[in-house]
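The following block contains the structure, expressed as C-alpha cells.
Every chain is named by a letter (A, B, C and D) in the order it is written, and numbering of its residues begins at 1.
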Amino acid sequence: MSVLAAETRPKDASTSRVLDVQGLDVRLGRFHLLHDVTFSIDRGERVGLIGESGSGKSLTSLALLGLLPDDAHVSGSIRLAGVGHDLVGARERDLAAIRGRDVAMVFQEPMTALNPTMRVGDQVAEVITIHAGRGGRDKRAARARAVELLDQVGLPDPGDAARAYPHQLSGGQRQRVVVAIALANDPSLLVCDEPTTALDVTVQARVLDLIVRGVSARDAALLFITHDLSVVATVCERVLVMYGGRVVEAGPVTEVFRRPRHRYTQGLLAASDLDSAAAGGRLPTIRGTVPSAGTFPDGCVFRSRCDHATEVCATEPAWAGPDPGNGFACHHPAGAERAS
Amino acid sequence: MLLQILRRTATLVASLVVSSMLVFAFMALLPGDPARVALGVNASEASVAQMRQEFGLDRPLLSQYVSWMAGFIRFDLGTSYVSQVEIAPQIIDRLQVTMWLVVCAMVLALVIAVPLGTVMALRHRKPSGLVLSALSQVGVAVPAFLAGILLITVFAVKLQWLPANGWTPPNEDPVQFLRQLILPVLALGLVQGAVLTRYVRSSILDVQREDYIRTARAKGLGAGRALRRHGFRNAAIPVVTVLALQLATLLIGAVVVERVFVIPGLGSLLLDQVANRDLIFVQDIVMLLVLAVLLVNFVVDLLYLVIDPRLKVAT
Amino acid sequence: MTTPAISVRDLRRRYRRPRTSVREPGPVVEALKGVSFEVARGERFGIVGESGCGKSTLMRLLAGLDQPTSGEVQVEGRTVSGLPEKQLGFLRSSLQLVFQDPMGSLDPRMRVRDIVAEPLVAQRLPNRRARVAELLEAVGLGPEAGDRFPHQFSGGQRQRISIARALAPSPSILLADEPVSALDVSVRAQVLNLITDLVGDLGLTLVFVSHDLSVVRHVCERVAVMCDGEVVETGATQQIFADPQHPYTQRLLRAAPSMRRAIAGAGAADLVGDPS
Amino acid sequence: MSADLTPRPAGPLDGPTPATAEATLPPDEMPPTASPSGARRRPGASFFVGLGLVGLVVLMALVSFVWTPHDPTFVDASARLRPIGDPDYPLGTDKLGRDVLSQILVGARTTLFVGLVAVGVAGLVGVPLGIVAAMAPRRAGEPLMRGIDLLLAFPALLLAIMFSAVYGGSTLVAMVAIGIASVPSFVRLVRSGSLQVLSTEYVLAARAAGRGPWAIGVHHVLPNVSGLVIVQASVSFAIAVLAEAALSFLGFGTPPPTPSWGRMLQESQELLFAAPRLAIVPGIAIALAVLGFNLLGDGLRDHYDPRMEDRR
C-alpha cells in the first residue's frame, strides 16, 4: 500500500476545486453533441460519469484534454486548478503543456493505447521528460523513475518490464503501464474513459483498486467514465448521469442510485438490477433503442423512450436542485408522487 | 530472431531455385530452338547442329540447367553465341550504369516522398494539402518515359541547359557525367517519388488514427511531435513494403528510360540481345534482374525485423 | 432416465503455436484440459469464465465447428466429435448459435431475410418465406425488416436478427456466446427478456456463455465455472453464488462489482481479495 | 446513407481520407452511420472526375469504330508535320502525314482492349485463387502464396521482354505479360480480404447453419470482397495502361500499322526538336487515361470504405 506515496505537490492548495466545467457545448458539423454540460470536481474527489453509447461521455473527456477534432465548435468554459487560462479556446501549445502534467487520461483499449515499436519504459519516461523543463531532461533519471512507477503500479520485475515491448505484456499489464504514464507527473485531475471495459473481472478489480489508490495517494481528482453502474458505485463518491449529450441527473452515488429522480436513471437502474429480478423472470426494460449521437429529440432528450412523457416534455426541463452537482432535469421526476 | 532470419533465408534460396527453373524452362521449353533463332531461318541444318553441339544445346535439359546454374553461381556466364564475346564482363559494365540511375532515382524519390507525403497527410483537409495531393496524382499518371521526353523537350530542346542524351563514365569526365545523369534521374525519380508520396501519405493518415498517437498527445506531445516520435516508425512498415516493390519496378523500369536517353545500361543490353535473338544472353540478364529483385525483398524482410519488434517473436 | 441434451466427457483440445526458436518446437497450448459435464433437456445452463479460460473453444466443439484432441461430445445422445461435416446434419438442425458481436455476426452484404433464411436454405427446409416472417415477428421485428440490411439496425435489433436466424431450423438447443456483452445496459434487458421468453415458450435447452456473473445468475439454473481450460466448479446457480467452494470462484465473485455491496459501502479495495 | 459529419472536403483528386473526427472520436460517440461495416458512403469528387476521364477514353474508343477524321494509317506525303489547329487536321499530322487525332482515337481502342483483357484475365485467375488460398488448409495455402510472391519478381515489362525474345512483339504478348503480372496483386488482396471475412462470426454462423465451404465462398466471401476487387480492377487498369504504353514504346506491344499511344511517343522521339507536340499529345492521352482509372479506384475505395489492406 505504502508504495503509492504521493510526491510533494507544488500546486497551490488554497482552493479545493480542481475542475470547473461551465456550459460546455460541442457541435460537430450539423450535429449538436454536447449541450450545456456543467459540473465540477474537488481535490481528492472521485466522480463517475455514466452514459450509454451516444451519450457524449467520451466526448466530454476529450474536451477536458483539448483533444476534440479541429473542426469541432466548442463553447462554454473549462477551468483547471493551477492553470491560468480557460481550456476552451486555448492554444494547442498551451494545452499540450497541460496534458500529462495537470490532467492525464487512461483510455479504454490497453491493447492499442501503447506504441508497439517503443519499449514500455521509454514510453513512461517520455511523459516525464516532456514536462521536465529545460533543466530536468536527464534521460537516465527519467528512466529510473519510470522503473519506479512500473513498480508502483504492480508490474512484476519492473526492470525487465521497462525493457519489454507492449506486445510482450498482457492486457491488464498494459493497462497498468497506461496508468503509470497517467500518474507519472502527479496530475491534479485523472480522467479514466472506460479503463476496465476491455478487461476481465478479476483484472478489472485490480486495476480499479490501483486507480483508486493512486488517485487518493496523490489527493488528485478523478473523473471516471463508464457505462457500468456497479463499477461507478464501487469507485466513485459522486455521479453524473449523461444521456443524449446532457447531464440529466447528478448527486452523491448513494443518493442517486437509491432514489433516482430522472426517469432515465430510474429505468437504467431497474434494467440493470439483475439481482432483484426473479431468476429467469422478466426484467424491467426501457423501450426502443438508444438514438445515434446527435439525433436525440429536443426538449427532454429521453422523451422518445420515456413511459411518463407528456406534451410538456417537448420543452427543455429546467435543472431542479441546489447546484449543478446535485439535482436532475425532468418534468415528471420519480418519487414526486410520494413527496407531494 | 535467429529462427526468423533462417526462415527468410530458406525462402530466398527456395525462391531462387524455383525462379531460375522458371526462367530456364521458359527459354528452353518454348518452341524455338535458340540456335535456330540465333542463326536465322536461312541457316543450314549442319551449321545449326554444329552450334547446338558447341553450346551444349543437345545435352539433356537437366544437365543444361545444372551447368547454367553452376556457371551462374561462379558468375562465369560463358560467351555469347551470337557475338562471341564474354557475357559476364559486359553485364558488370552495364550494371554499373544502371545502378547509378536506380540508386540516384530512389534517393530522389525518397527525398521527395517522405516530407511531401507527411505534409499532405498533416494538411489533408486544407487547400495546400489538396493541391499537393492533386499534383501527386498527376505525377503517378505520367509514365517515366513520358516524363523523360517532356524533360528533354523543356531542358534540352527549349532551354538547352542540359544534354538530351548520352552517357559518360564518372571517371572520364565527372561534370559531363553529372550533366547527363540529371535528366534521366529526374524522369525516374519524380515519377517514383509521386507514387511513393501517396503511400507515405496514406500510411501516415492511418497511423494518425491509432490509439497510441492519442496516448502520445494525452501525454503532452503536440500533434507534430507525437507523429515524429511515435508515428514515423510505425508508418514506415507499410512504406518499406512498397519501397521494395518499387525498387524492383525501378530496376526494370530503367530499361525504358535508358532507351529514351540512349544510356548503355543493363536494360539497353537486354533490349539489344533481344534484337540479336541471343536467347542465352537474355536468359542470363533476366535471371540477374530476378535475383536482384529477390535480394531486395530479402533485405526488406530483414528490415522489418528491425523496425517491428512484434515480428521478432511472432511468425 | 432420459438422455441429456448435451454430454461432454473428458474433452481436451491442444493447439501448437508456431515455433519461435530454432532448437525447440512451438509450444503446445492446452485450451481444454479434460472437461466433463452434462446439460439436461430444457435446462438453462451457464458457463462462466474469463478470457482464455477455454470457453470459446468449448463452444466451438459443442457446435461441431472444431475437432477435439481427445474426449467426446454428445448432443441428444448422438456423438458429435470426430464426425465429418457431412454427417453433422442432425446437429445443424438441433443446435444453433447466437454470437456476441452484433456487428460481426451478420453478413453486411445480405438482406435480413436471407440472413434469417440461411439455415433453412442450407438444410433445404420448405416454406422459407412464411417461416422468416414468423421468426421476425417472434423476435419483435416487423416483416418489413426483412428487406433491409444489417447496418440499418441498432445493436439490440441486430441481436434479435441473430436470434431469429438461430431459431429458424427449430433447434432444441440454443448456444448463446456472450449475447448481451456488447449491448447498452438499457437494451440488454430487452434482449435478455427475449431470450428467456423464447427459451421458455419453445422449451429449449439453453447454454449461456458469459463473463458477466450477474447476467448468468439471472438467466441460468445451473452454472459451470471455467478457469484455465478446466471446469473448476459446477452446481445450481443459487448454491454457487451463495456458497462458492473453489478458490477461483470465490475470487471471481469477490472481484465482480455489485451495486448492492457498493451502496453498502464496499470500495475498489474490497474487490481485490488478498492485497498483493 | 452517407456520414455528413463533416462536409467531405476531399476535393477532387483526394484519396481515401476519412474525416478527422473519426480519427479521434470513439466509435460509439460518432453521429449516425459513420461508416458501419456494410454502409456505403456517397461517392466523392474523385470518383466523378475519374469516371469522367475513363468515360472520355471509352467514348474515344467507341467513336473510332464508326468515325475518325481521317484514315489513321493513311500516309499522305503532301500533309507531313501539319501543326495543331490545322483546319483539316485539328491535332496536326506526323512525319508521314498521318492524322494525329485519328491515331489518338484508334489508340484509345488499343489501350482499352489490352487493359480489359489483361485485367479481366488477372481478375478471373486471381480472385478465385485468392479465395482458395484463404480457405485452403495452411499447408496448401502457404506454398500457393509463396508462388504468388515469386511472380512479383517478374514485372510485366520483364515478362514481355522474355516473350518477345521468343515470339517477337504483339498485342497478345502485351496482354499476356500484363495479365500475368497483375495476378499477384489480385490474389494477395483477395486473400487478405477473404481471411478477414472468414474470421467473422457470420461465417461461423453460416457453418453452424450447415453451409458447406462452397456456399460460404460464394455467398459470404465473394460478395464481401467484391468491393476490394472492383477497386483493385480499376487500379490494375491504370497500371495496365502504363505498361501497354511502355511496351509499345519499346516495340514489344501492338505492331504497326495499328496506332497505339506508346508507339506514337516512340516515333515522336526523333522529332523532339522539330515537333515536340507529337510527343505531348499522346503523352497527355496516356496521362489522362491513367489518372482517370486511378481516381476512379480511389473514389470506389471511398465508396466501399474497406479498411482491409494487405499489410503482410
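Rule of thumb we're sticking to: a contact is a pair of C-beta atoms (placed from the backbone, for glycine too) under 8 Å apart; a residue touches a chain by one contact, two chains touch by 3 or more.
Remember, predicted model here, so these are calculated numbers, not experimental data.
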>> Can you check which chain pair, C-D or A-C, has more C-beta pairs in contact?
In response: A-C
>> Just to be sure I understand: the centre of a chain is the mean of its C-alpha atoms, right? Then which chain's centre is nearest the mean of all of them?
In response: D
>> With centres defined by CA atoms only, which chain is the most remote from chain C?
In response: B
>> Please tell me the distance, in whole Å, between the geometric centres of chain C and chain D computed from their C-alpha atoms.
In response: 46
> Once you find the CA centre of chain A and the CA centre of chain C, what distance in Å lies between them?
Replying inline: 32
> How far is the middle of chain B from the middle of chain D, if each middle is the mean of its Cα atoms, in Å?
Replying inline: 21
>> Counting only Cα atoms for the centres, state how far chain A is from chain B in Å.
In response: 53
> At which residue positions does chain C touch at least two other chains?
Replying inline: none
>> Two or more other chains touching the same residue: where does that happen in chain A?
In response: 53, 67
> Which residues belonging to chain D are in contact with no fewer than two other chains?
Replying inline: 19-20, 23-24, 33
> Okay, in this complex, where on chain A does chain B touch?
Replying inline: 65, 67, 92-93, 96-101, 104-105, 107, 109, 112-118, 126-127, 130-131, 165, 167-168, 178, 181-182
> Of all residues in chain A, which touch chain C in the complex?
Replying inline: 1, 52-53, 154, 200-206, 208-209, 211-213, 227-231, 233-235, 253-254, 257-258, 267-269, 271-275, 277, 279-287, 289-290, 305
> Can you name the residues of chain C that touch chain D in the complex?
Replying inline: 60, 63, 65, 85, 88-89, 92-93, 95-97, 99-101, 103-110, 115, 118-119, 122-123, 149-151, 162, 165, 168-169
> Once bound in the complex, which stretches of chain D touch chain B?
Replying inline: 9-20, 22-24, 146-147, 149-150, 152-155, 157-158, 161-162, 164-167, 238, 242, 245-246, 249-250, 265, 268-269, 272-273, 276, 279-280, 283, 286-288, 290-291, 294-295, 309, 311-312
> Tell me, which parts of chain B touch chain A in their complex?
Replying inline: 210-212, 214-223, 229-230, 233-234, 307-310, 313-314
